[in-house]
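Have a look at these structures, which come just after this line.
In what follows, chain A forms one complex with chain B and a second complex with chain C.
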Partner chain A sequence: MVKRFLYSQKVAPYVFVLPFILVFLLFWVYPLGSSVSMGFQKITIGQEAQWVGLDNYTKMLGDEIFLKAIKNSFVYMVLTIVILIPFPMLFAVLINSKMMWAREFFKSAFFLPALTSVVVAGTIFRLMFGEMETSLTNSFLGLFGLEPVKFLKGQTTGFIALLTLATWRWTGVNMLYFLSGLKNIPEEYYEAASIDGASAAQKFFRITIPMLKPTTIYVVTISIYAGLAMFVESLMLWNGNNSPKNIGLTIVGYLYRQGIEKNEMGYAAAVGIVLLLIAMIINLTQLTLTGMFRKGE
Partner chain B sequence: MSRQLPKRLGLLLLFTVICLAVLVPFYAITLGSFKPGKELVRGGLNLSLDPSVMSFDNFTFLFTGEHAYFTWFFNSLLLTLVQVAVTLLVSAFVAYGFAAYEFRGKNFLFICVLLIMMVPFEILLLPLYKLMYDIHLMNSYGAIILPGLASAATVFFFRQYLRGIPEEIITAGRVDGASEYGIYFRLILPVMKPAFAAMAILNGMNSWNNLLWPFMVLSDANKYTLPIGLKTLLTPYGNNYDLLIVGSFFSILPIFALFIAFQKYFIDGMTAGSVKG
Partner chain C sequence: MRKKWLIVLMVMSMVMFLWGCSKSSSTSSGGESSVLEGGAGEGATELSYWTFVELHGQHFEKMLEKWNAANPDKQIKLNVTVMPYDDMHNKLSIAVQTGQGAPDISDIEVGKFPDFLKGEPQLVPLNDVVEPYKDTIVQSRLDMYAKDGNYYGAPTHVGAALAFYNTEILEAAGVDYKAIDTWEDYKKAGQQVYEKTGKYMGTADTSALWQINMMLAEQSSDLTDDSGKPIVNSPEMVKGLSILKDLQDSNVLATVAGGQPDTEEAYGEFNQGNYASAMMPFWFTSRFVNYMPDLAGKIAIAPIPVIEKGQPRSYGGGGTGTVVTKTAKDVQLAKEFVAFAKLSADANVEIWNTLGFDPINMDVWSMEDVTHNPENKFNQYFVNNAFDVLNEIKDGIQQIKSTAASPTINNVFGTTTLNEIFEDGKDVKQALDDAQASIEQQLQ
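Here is the complex of A and B:
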């Protein structure tokens, strides 16, 4: 009887999606709910949690280190988008051109950095951006007669190191996204444009960029998410969560510092909720502005 | 053709230059793995090829010295294999439910899948940490595997893939008297192999390289994975570069080997989310 029930065509789909429902409830809905409620509490080890209303949130407004973390994450997100959209797109178009030699080789080579873990990549870049004059970046600067720079001690130079790491790891992957987008553009569009006497630049701006819009939106969406949630890169580059003057502190880094290092679980949960709201607002605005919702699915 | 030659050479030159820049960090760590840790602390990673400081000492230490590197290595290998196998089986099962049936609540549930992909996992770190503590899963691989069991990205990819499989397979199965699950296990699973390969790579890479969550959950040094182990070599009191650099170098090798063997699946897996068609 039970078997007949479970095997019926009406019930089977629910059996199939059941594991998802369980994981979703237990490991997403429940923690998210407890995050929301923890955000309204002061939690001290060994004591009953206290309800403190909006205290954690009002505290944030005056917390300069938190505001610094928000600024860092936001700047990082914007700059990764500014770098990791146009260049990979251009590289994809160039590598896709009929004039390109050794296309497959370059595709694979550009992809290699994405295979490394942040731990390994962060370690390599930390030592390449070392402050001694023999480190790779400083010996490169030396070629132009420039003085060695203490990259990881300054705000701008620290960000240069962070962004170089991100660019190195993700250019190849984003290029592949754009390459798969290019495959969807019908060749006839370009042929028709050639007949009308369009230049290569005109074709790029009038056909390629508009036709790549879905891919671009996708890459922007994941970059917003990844940029705002960045933490381990900073952790590895500065060998810990305490960069000088918090130049490398991110929102997730601050959440980790408060929740795990300082045991302020309530405050950390509130930081998490703010991050969630920021990510949602930016992404929904972006998707609305680019018209993703109008098309339906 | 000859008019195009300068352009072709220009393109080749441009890409060769970028390619060299991409490869420089790999070259630097390869050289670094032959240099003593002292030298790296003093000079950083660079491209200097100075045979007087270079030796195989680090490699000798890696393979014969007293350290836990290979414990971490095999822990990572075990965790990756188990996590990939379980996650793929569960996610494919779920994806089939979404792809093959119309049922009440389907759209709502699928929106939940998309929602998960849009929520940064990082904000769940603390409540999940508390939850794992409460259900006594701390310091176990279960705590790492369970939350990702029905991985949203993987479910999404499998569902897209399944939509391309002809309906007739299912109808024919029903006519032949196969049960709903029989159809899935005997007729559908075998045709999903390419999708499994791509997702095995994506999940395998994530699992092999994952640091933050395992680092929070695992406290027993015998259970450390490779990224955690490598990270413990860096401490505020001094860094064990002798093992760190050669260990990092060695940890990239198996992935490069797999990449060379299964390039197509790597590229499919890593770009799985992109918009197709």
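Here is the complex of A and C:
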């Protein structure tokens, strides 16, 4: 009986996918469902939860700090995409080029930052961007006779620090994605183009970029999510979740502040749902526009 | 071919993701743990204790030895865990409310305490063990940790605000700190210091409320009204902050790295002699002794300046309540030990000896042999005796109430309002009105 069950061709596929389905249900569907329902409640742990309807969501609309958090996350996401798509692509092409020397060295050098912990990196960047004259960035600025800057106290300068950290950390990872995409482009295309007299720039724009499209779409998709969900970088850079004037507060940071610091689990859940919706909308739009859902791709 | 690469990408991203998860969880759950034996024997009960101030552990270590010697039948081993401020409070909050993983005894900072009193407190009332000591200690410090007549936390100190002057800088500028009575005097002295030495007289704090609490206390005002409603744009508040802003504009005060004196960055600035004074609660003595060794023998203590002569000259700032959780292994034992370690006369003497705090048992303030002990490292560090100043202002120590709105007020001021005023030069009245609106909105 058992044997027949196990050897049955009908059952086998289900048995194979079962672990995934279970994990999916337990760690994705269940938390999501419970967050949605929590979003409609006022929850103080240790006490009976109250149903409050849409209160959490209406409160959010008038919550300036929440809107600030959304703006921060959104700007961060856009800027990371602006920086972390073209440059890693360029570096990947350079490293992939046959004329490049010490390729393996550059590959690992670029990738190395991704292997350090954000906690360590964030702490070091905080010290580098310290406001004292003796901090690394300010001593550097001092060489050019510039006044010390309070990097982590201003919106623009704070974001410069945050983006420097992100760029330093993620360039190598995105570069590897693009490198693997480049390896996938048949050599014949370039040969044919050379025979037709195409210049290097033409080859890059007419062959490399279009052929890298699937990789680019993938990298953009994960960057959108990663940008919107950024939290630890900000937490470490400002040594806590409370940056001056909330310049470094992200959506997840706000969720953490409400849920963990203020024990407003219901409101925090609602913030989480909004984050999910924003990420879904942006990603689906982006994927539709780039034709990812079209048949036959 | 394309599919294969896609799979490689997926696998890579999964690995990165999972690796990231494990990495961040292992680093953030830190905190240093150590078990204090305190001469306990075989049958000792092990109690766990969380704190966010490493020095507090030293005090408990001393009191533990005394307890174990005095109570051979109820000996204790103490498992002390020190965690960063935010981490500890966040963890404790979740632990006590879910009923899992909480320590037996914990410190809670006054700014966070109201969060733990929301609804049904998951802490044990200490009334029966507080009772024997009640007459000897400052009542208002007990009230900070009370709800509906129940005392949930054992206070550590009074925290009377004092002025700490760097005499080396002041002498170089020809200023006598003893002559500073009002903020007007302070301003003149500060301008002289800036002209002569190019250094700033003090800090304009952007991440803590010590200074504005002092200003309010001098005017017998508060951050909240009698019903606990925030009133942060009151005329007294505008006046106090305008004075501070004026001091900043006259190069007397300047913002400091870290945002306030009680931060690592600021310890460095003070230690290098970049600021000539700090207005801080009494316990700042311990920060000088432990973190600013270069200033030994140069720091003099005085009452803080007032707006007008005759006003109260101090307020009780900061504070840590030690609590016993409902899930404690042995609630009664934990309670008795906390009372012994924080409230007994012995404990109060040790709080000065080890921690350098002003004890809540004010009888200790007049024990000459304790307060003027030449062996004491705090007495050796400062130019004059801290308790001489303390006894002088004893009757004028005001209290800023700790209410359910306090954590929100602290957060809005410490992150936004004070930065707007001192870093961006926003109009004081406007910044305070905005703060009031923001606080009301968040408390809804």
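As a working rule, the second predicted complex is superposed on the first by the 286 of 297 C-alpha atoms of A that agree within 3 Å, B and C clash if a C-alpha of one lies under 4 Å from a C-alpha of the other, contacts with A are read in each partner's own complex, and residues count from 1 in each chain.
Here is the rule we go by: contacts are C-beta pairs under 8 Å (C-beta built on N, C-alpha and C of every residue); 3 or more make two chains touch, one makes a residue touch a chain.
Remember, it's a predicted structure, so these values are computed and weren't measured experimentally.
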Touch count on chain A, higher of chain B and chain C: B
Which of chain B and chain C A:Pro214 touches, first, second, both or neither: both
Which of chain B and chain C A:Gln155 touches, first, second, both or neither: neither
First (chain B), second (chain C), both or neither touched by A:Gly181: both
Which superposed partner A:Val232 touches (first chain B, second chain C, both, neither): both
Chain B versus chain C as contact partner of A:Ala269, first or second or both or neither: first
First (chain B), second (chain C), both or neither touched by A:Val118: both
Which superposed partner A:Thr290 touches (first chain B, second chain C, both, neither): neither
First, second, both or neither for A:Val252, with chain B first and chain C second: first
Touching partner for A:Asn241 - first (chain B), second (chain C), both, neither: second
Chain B/chain C common contact set on chain A: 114, 117-120, 130-132, 173, 176-177, 180-181, 184, 214-215, 218, 222, 232, 240, 260
Chain A-facing residues of chain B, complex: 4, 7-8, 11-12, 14-15, 18-19, 22-26, 28-29, 32, 40, 42-48, 90, 93-94, 96-98, 100-101, 103, 106, 109, 112-113, 116, 118-131, 146-147, 149-150, 155, 179-181, 184, 205, 208-209, 211-212, 216, 227, 230-231, 234, 236, 239, 244-245, 248, 251-252, 255-256, 259, 263, 266-267, 270-271, 273-277
Chain A-touching residues of chain C, taken from the complex the two chains share: 1-2, 5-6, 8-9, 12-13, 16, 20, 23-24, 27-28, 86, 89-90, 93-94, 97-99, 115, 118-120, 122, 206-207, 257, 259, 265, 268-269, 407, 411, 414-416, 419-420, 423, 438, 441-442, 444
Partner chain C, residues of chain A touching it in the complex: 44-47, 59, 62-65, 114, 117-120, 130-132, 150, 153, 173, 176-177, 180-181, 183-184, 214-215, 218, 222, 232, 240-246, 260-263
In the complex with chain B, residue positions of chain A that touch it: 7, 9-10, 12-17, 19-21, 23-24, 27-28, 30-32, 34-35, 38, 91, 94-95, 97, 99-102, 106-121, 123-125, 127-132, 134-136, 138-139, 168, 171-173, 176-177, 180-181, 184, 214-215, 218, 221-222, 225, 228-229, 231-232, 236, 239-240, 252, 255-256, 259-260, 265, 268-269, 272-273, 275-276, 279-280, 283
